[in-house]
Structure formats: structure tokens, C-alpha cells
């Protein structure tokens, strides 16, 4: 596999201003949606980003896709820093990077036919083509996502399709320009279990055929393990652990990942050991924690966890974790 | 065995502009004391309608058209409103789909839990409040927070309040209707763990309605799988995992990735759920079934016991050509 | 939260009052024509030049515009609304005479139309899809389509002119010198028709909002939950659904204050009811500009004050706004 | 592309009795306004009979205090009421759309400012303000239109803003952005088609309000002195005390009924349009 980097995210930050207090005593607090994250996506690989809702995974994808402005940091795609681009330049680069959204019922304009929906990207980037050429591209894209015969679908409206079919159309729209990078934001979370697998397999298949590079966002660890080469685990706006899928699943090093893996692998084990794995505790994202973001729910915390933010450190060739106690934990469990 | 709930041939239909939607048809299962049953199915398969039918909460344009729901021998479908009021919460209670919306925003949570106690038991307000605090402690919330309003709690906490409320009058049977959907994975697991431990502690019978197969298989004693308004298979968890008989159950088991088995290839079920309005008399899964033959398209398979406590509705069983 | 809510509203009202005062100040000075006409009414033509000078002097028209503005604001806040040259009386005196009648009429009208609208709106929502619902909807939509003054005229035609049951105009019988209970009944009799008209035309907005909001609330999970708990139907309706459904009604109630007071202007005119609205109409007829302005101001003040009172009550209904730590 | 959406609206509108009824009423009034010279037996400004004539074969609704034919006055009055209502509504919706779209699409400080402004306008008691303005700038057709539209843009602005906000967060708008479609195309293809129907239903509702307001202003003697609208007719009926005599049946009743019916026509059309556009309401019926 080509190991060169396609996308590099460095020191990316996104804060929101939360206003509180009365009219006369206005207080502004900064809330971190994404707090200083770094990662790379290599050509041809699928990087999974996993975390609970509100952990910043979607914000990250939206910043990468330039749908949201970052507060700080750099996003380099094919050597170009996207953060410095003008609107028109961004639109040009979008030909190479596309996104698949979560909600298949919302992502297709209900007033447009499938043909028009799929024409939209072509009209934005390849205006020069004749109608026949555009039409041919649409048919090819529909066939690529395994809706056959394609001619049956192009004159339908979104509401005449099932959820799974809509998501396939959304995928067709993303691949029609033959991009090199795709960000998929929980593409199966709103679908029924029975059609989920089809979408996952389709994406894997397309990656093989088109040599796609992907960022796959999900809250479901088992889906991530099925899809991804590497996984980054996010918690409270930070990447707490990143590494090859196998290592993350077999040797989770961060207490949060440990708990997640325990839940998904064996719920009964989790139920029996939950005091050891995770504490009850409300997460208040408005409170600025001085220490580790997970400290409120971590059963192992030490004094340093309250005062100092742990750095992401390498534990095993490409497997990094940000936890003060991970070595100690390793000894305890083994 | 001590049967708490027995549902027999329950059918619930909805009137729509285009005809009758047979949302739930001929559903039968039963539940013993202290048992946890998982009712599994995809969205729109009718599992919530089953729950509402049991609780007699179906309203126009829906109607329970036939069947019996025996709760400790008493038929809830035939019960009068008065009888129902006395049965609800004392015998049977529900942890609703989304606790965010199931708590009235203008009353304190204490008020809402106390309301159910005062309604069904002849106790003083003081005593009711004392019990409310105990209940809150039971689900891991500081009892003194009874004065708080729902919007002052996080999602997981509201879910705990809803559980406390469901247990307020020591019911025999609790129906948990997708009560953890929408929560984060860890919070979800904690809530499920709480339900499981309370079930053991109080010897409750629980129906756990969910679309999350791994979660249900992990904690339920028995599982009933629903597809398009029918229960297609009902068996003990072990039997189902080892020896699923219905093609839909088999497909469902193969549909989601398994962290414990990374080599597993997931397979989707082709096609989509049929429209239940004016659905012809046939097996409802025949449009997507890889084994479907003529009979499946013309007749409704009977839901029957094929082995001790293992029920399914599939013509493959009688044909004897089943793997 | 609560403090922020109130201070935000207060600021808004200050701006409203400030803007309306400024508009009032500028209108006579910016309009083409002799400003004297706008300041003293159309009778200026008959005045001697000495009188004119006296008026110019009183309004400080020879001062700079800023100074004039200062004097104007100061006068308003000391209760000096100027002098009506048409009626030959200080305007504040006229207003004080008329204000109680308007307050009586609109106060009762608002309360009754809200109560009636809420009641029928709730009934309509509870029986959604039935004939009762459809009939109520139709009736209320027709009510809101009728011009208020016309409803008044028709009521007078039927109940006063044709049937002779109720008095035609005024707030009480002239030259009758009723006292005590007699006077009370006399006032009541005069109030019936204007009040009925006001209720008929302003009830629909409350009805519509209540119906809509009630429909939404009835679809909420907590209503289903209350049913599952075994709470009686009546208790669900009145305890669980009603208060939640009332929240948007409270908001609309505030918005309809202005509408109701405006409606009262027209209705008072039809019934020659001696309120501020009728005063405004009379001043329009005689082109008594200072009086038009003063009546407008007093109506604006009333709306703002009523709005503010409603704001103070709102948090009692909605714990999300009312809670200390919310 | 939008065709099927409109077809759907049309279907719901006509399948719904209320909407159909409203539409028919509007068409009838439009015809009356257009055909007034043909339908009216007399010129409404001519004194054609004795004052205060009771209805008879010649004057179907009698005559007024100066002997003009009331029926002809009413038929011609349709033009004024309809015209003022429609024009004022059009201007206020135009303003409302502008404010709503700018506010909703750009958000931030612009939005905050505009919405504050809307709140302010909504608090002001609008009929008294109109009386004040009309009294100062003098009664004329255009002044009335101006005054009505200056004050009634606020609530449509709010409705349209919230629609734009909803549309803006729609997945397909995000998707279009991520594809690289430029902003003009997004506005034209994805935002406007969603705003226009709402604007239309708001327009219809605003028209019904404007007609009522015009009637009230005319009734208070602040209408256009050169043309007689239904409100003006009632103003004279009031001034001459017609409602205290038997004349109320042919002089007071008919203009009011016409106003009510026209307003109902607009309101029914508007409400059923709203129902079409608000799926939540539709579901509950």
C-alpha cells in the first residue's frame, strides 16, 4: 500500500462562545468542540473516528470538508493548506473530496429527481460536458452503487426510494466525480440493521475499485472495526487513542477505549465489572477541565489526572494513547 | 412455571387513507416470573405497537382487533377502564421510548414519581415523598434532587428517573420500550446494567424492546424476533444463537459486525420492508427471503412450536428441507 | 436566567417607548405645512398673532431642535401632554377622564376573550377530527374575518335599535344621576355590547394558538406516559396538558395586547364609548393633532406596561425560564 | 424539477374542501372586481334616485343618503378593497422576505439586529399607530398601502426567517455546499423553492389582514376620499345613523358581509396552504 499522506490535520481547534450571565454582567465562556487534535490519513486507507455524540467527531469532519471554519490549526490536503483558501478555490478542491451524510432522508432534496441530484456535482465542476456525457456519468455512478437497472431510478424522487437506496444515491453523488477522498459521517446509523451491511460492503468495494481514501465517522465500535484500517477514539474534543484497528480492539490502552471495547465485546462482562471500567458521572462540557477530559468518569484517576492534560504518546508503533496511567493499567490487567 | 404475561393471537390494525395497515398480526408469546424477554425488530416492525397494545394505549385510528393479553390470568383487552387504572403501574408499567419527552417539563421529577404512587396507593404525601427519594437513590440519583425539573438533568439521568418512575408501585411486569435508544454507548450500557440488576433484585418480569441484537442477546433469557408485524421466531437466547430457524433471524444475526469475531463477513438482506397496507395473505418475509417458494407467496405460515419452547413461523419447517 | 430574561425585555420596551416618543416629536416638525397646525390644531387660522407667538414660545419652536426634544421629553415624563386648543383643556386631564373606561373595556375584554379562546381551543383539540372540532374551527375563522366596527354596528342594530334591549351608546346614561348599585347596573348594561364585540373579534387568535399548541402537547410522550400511569383522563387534560399548552398562549396574549387596544379604538368609536380610543377618533375628526399624538402615546404606554406585567407572570408558568439554576 | 412539488400542493389544496372553497371565493371576487362596470346597474358616483330609497326592483339594495345606488357602490368597492389588500400584502411580504432571508441566511449580528427590530414592531399597537400616521400624512390610496405594509411585514419576516433557518440546516443544502455548488445556485435551487410556498401562504394571510385594516381605517374616515371602499360605505352609514333604522339591513349588512366573505376567501386559502406546508399539522388531521 502506498504509505504517503493524503490528508494531514494539525493542531486543529474549534471553540464556541457560550454567553451567560445577565445583561449587565455578561460572561463569555469558550467551549471546546475540538481541542487541538492531530492525525493523518494515508492514501488508500480508511481512518475511523469514533466517539459519543458531542465528542467533536462531526465537527472535525465538517472542518475538513470546509463546511465549518476552524478556530485554529491546519488542514493539509495533497500538500495544500485548506484553511488559507478562498471560497472559489475551496470549491475547486471539493471535486477531490466529497462527503456522505448521516441522514439519508434529509440529504437528498425532496423536490429533485435522482437525475438532477446526481447532475449537481457535474454541473458544479464539469460544466463543459454535453448532456449525453453527463447522463452517461450519472448512469455509471448509479450502476457503481448497485442499483440496477439504472434507468429505472433516474426519474424517481427521493421519497420513492427506501432508506438504504437513498443512502446509495448519496454515495453515488459523492463518487460521481471520482474523488480521491471521502468523509463519511455515520452513513449507516439511521438505517435498519438489515440494510446496513450492504452499505458498508459497498463502501469497502468502492474503495478497492476506485482506490478511495476515507475518513469514516461512527459511534459504533464494531462497525468501525469492520470498516477501518486505523481508528482514532475521540472524547470531549480530544483524540484519546489512535492506532491500527487490531491493536485498539485487542489492546485498548485508554480507560475510555477499554470501557467501550468491554461494552461492545461482551456486555455481560461490562455489567459485572462496570465499577472497575467506568464511573457514573455527568459530563459538563462547559466546565473547563484543567486535567484529563475523562477524569470525571475514570475509575483509575490519580492526582496528576486532575491537574495536567495528558499528551498523546506512542505505546507501540503507531498506536498512541493520551493517559497518565496507561502503563500502570497495562501492568494491572496483564 | 409461573406465567406472568401471556399474549395470544394479538392483532392490531391501523386505518389509513389507503386501507387497513395490519401493523401487528397474530402475535403470541408469554413471559414467566423473573424472566427477561427481548423483543427485537427493525424500525416499523410493530414492536412498539405490541407494547402499546399490551398497555391498552392504542388510539384511533389504531385498534386491537383480536387476541388476548392475559396478565396473571386477567384479560387486559377486555378489562374496563376502571380495572385498567388499577392494574396500570401496580401490575404493569413502562419505561418509555425517550425519557427526554416522557417527563412533563413543567413538573418536578419528584411530583411526577409521587403522582404515580399517590394515584395507586393509599399513602400519605409524606410517605410518598419518602418512597420517591428511596426510588431515586435506587437508580443512582441523589434523593434530594426530587425538586429538580426534567430540563436540569442529562439524558442518562432522565432515563434513570423514568426507571425509578416505572418501579414506583412495585409492578410485576415492566416493559422497556427502546428506552436506551439515543443515549451514548457507555450510558446506554449503564442504563441496561441498571435495569438488569433491578430485575434480579426485585424478581421482575421485563420485556425489553430493542433493535440492538447484541445487547438483547447479552442480557435476555428469551428472544422474540419481529418482522413486519409478525413474530417470526421465539426461543431461548441460547437456542436462537446456536440454531436460528427462520431465514429472517438467520439473516439478522449475520447482518451486523461482531467485535469478538473480526473475520465475520456481514451480509445484508436484499430488498426492503413491504408496505403493510392491504398486504396479501402470505408469508410477510417472502419478498426478501432467499428460500421462498410458491407456498410462501400464497399462504400464511403458522406460528408453532418446533422444539421445546422454540417457536417459528416458516414453511421450510414442514417441508423438512431445512438445514 | 430569569434576570436576563427580564432585563432583556425591559431594554426592548425602553427602546419602543423611546422610538415612539421620537416619532411623535418628529412627525409635526417634519411634515410639510405650518407646524403650528400640527401643534395647536386647525383653529390656528382664527388665532391672533399674539396667541400664535404664545404657542410658538410654549413649544420652544424658536429653540434648537435638540432643546425642543429635551423639553418635550421632560414634559411627557412630568405628565404634561400639552394643551388641546380645540377642547380648550389640558390634554392630561382629558386622558385621565377617558383612561378608566378604556381600561375597564379592554381589561375585561382581554381576560374574557382569553378564557373563552383557551376553553374552546382546548375542546377543539381534545376532539380533533370530530364535527365539534370542524364546527368550532369554522365559527372562529368566520369571527376573525369580520370587521370589528361592523360587528358592533350589527349588534347595535339588532339589540338596541330593533329589540330595544340595550342602550345605543355611551358608557352610562346621561343626566340620570344613578348611584350605588343602580349606577353599577347601568354601566354594566352599557358595557355589554362593546364588550361582546371586542371579545368576538379578538377571541380567534387565542383559540387558534391554543388549539394548535394543545394538539402538539397531546402528541407528546408525557401525555401517553400519564395515561400509561393510570392517570384519569380529566387530570391528564387539566393538569398535564393544559399548563404546557398555555405557554405559547401567554406569548400570543402579549402580542394581542396591541391588537386588542387597537380594536378597542374602533369599537369605542362605534358605541361612542368615552374611552381613549374614542378620544383618538374625535381628535382625528377635528384634526386636533396634539391630542392624536397624546392618545397614541398613552395607548403605547399601556401596551408596554401590560406586556411587562405579562412578562413577570410568564416565568411562573414555565420552569425553564423561572428556575434559579436553569 | 419543482413541478411535482407544486402538483402535490395543488392536489392537497384542492382535495381539502376548505382550501377549494376559499379559492372559489377569491375567483368570484376577482371576477366581480374586473366586471364591475358591466355588473353594476349605475355609476356609483351618480345620484340616481331619491335619498334613502328602500330596496325595490330598480335599486336592489336601495340608495344612500345622497341617492347613490348602494349595490353599484358595493360592486365598485370590491376593486378598492381587493387592490389595497393585495398590494399592501405584496409589499409587506416582499419586505418580510427580504428581512427573513437576509436574517436567516446570514445569521449573526445582522440576524440579531433584524429580529430585535421585528420584536419592536410587534409590540407597537399597530392600529393606533396607523391612525396617527394616516392623520399626519393625509389619506390617500398609496398612503394607506404604505402605512399598512410598513407595519405588517414583521410577522411574515419572522416566519420566513425560521423557514430559511430550517432549510439551511437541511442535509441537502449542506451536501450541495460540500459538493462545491456555488452560493447563488444553492439559493436558487435549494432555498428559494422552500421559501416561496411559505411566502405565498403568508401573502394570502397578509392580504386578509390588510383588507380588514383598510376597512377599519376607512371606517374611521381615514380612507382615500376619492374612492369608496366597503369601509367608506360603512363610514357614511355610521355617520348618517343608518344602523339605527331599518336601513341597516340593506346598507350596513351587505358591505360587512362582503368584507367577511373576501377575508374568509383569503384566510381559508391561506390556512389550507399552511396546513400543506406544515406536515405536523397535516398529520394530526
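By letter and in written order, the chains are A, B, C and D; residue numbering begins at 1 in each of them.
The rule we apply is simple: a contact is a pair of C-beta atoms (placed from the backbone, for glycine too) under 8 Å apart; a residue touches a chain by one contact, two chains touch by 3 or more.
The shown structure was predicted, so the numbers you read here are calculated from the model rather than taken from an experiment.
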| item | value |
| --- | --- |
| Length of the shortest touching-chain route, chain A through to chain D | 1 |
| Chain-chain pair with the highest tally of contacting C-beta pairs | C-D |
| Whole-Å gap between the CA centroids of chain B and chain D | 52 |
| Distance between the centres, which are taken as Cα means, of chain B and chain A, whole angstrom | 32 |
| Mean-CA-position distance for chain C and chain A (Å) | 55 |
| Multi-chain contact residues (two or more partners), chain C | 129 |
| Interface residues, chain A side, partner chain D - complex | 65-67, 88, 90-92, 94-95, 98-99, 101-103, 106-113, 116, 120-121, 123-125, 157, 170, 173 |
| In the complex with chain B, residue positions of chain C that touch it | 129, 220-222, 224-232, 240, 243-244, 317-320, 323, 325-326 |
| For the chain D and chain A complex, residues of the former touching the latter | 1-2, 4-5, 170-172, 174-182, 185, 189-190, 193 |
| Touching residues (chain side chain A, partner chain B) in the complex | 52-53, 162-165, 192-201, 219-223, 225-226, 246, 249, 259-261, 263-268, 270-271, 274, 278, 280, 282-283, 297 |
| Complex contacts: residues of chain C adjacent to chain D | 12-13, 15-16, 19-20, 24, 27-28, 31, 38, 128-129, 141-142, 144-151, 153-154, 156-157, 160-161, 168, 212, 215-216, 219, 255, 257-259, 261-263, 265-266, 269-270, 277, 280-281, 284-285, 287, 289, 292-293, 295-296, 299-300, 303-304, 307 |
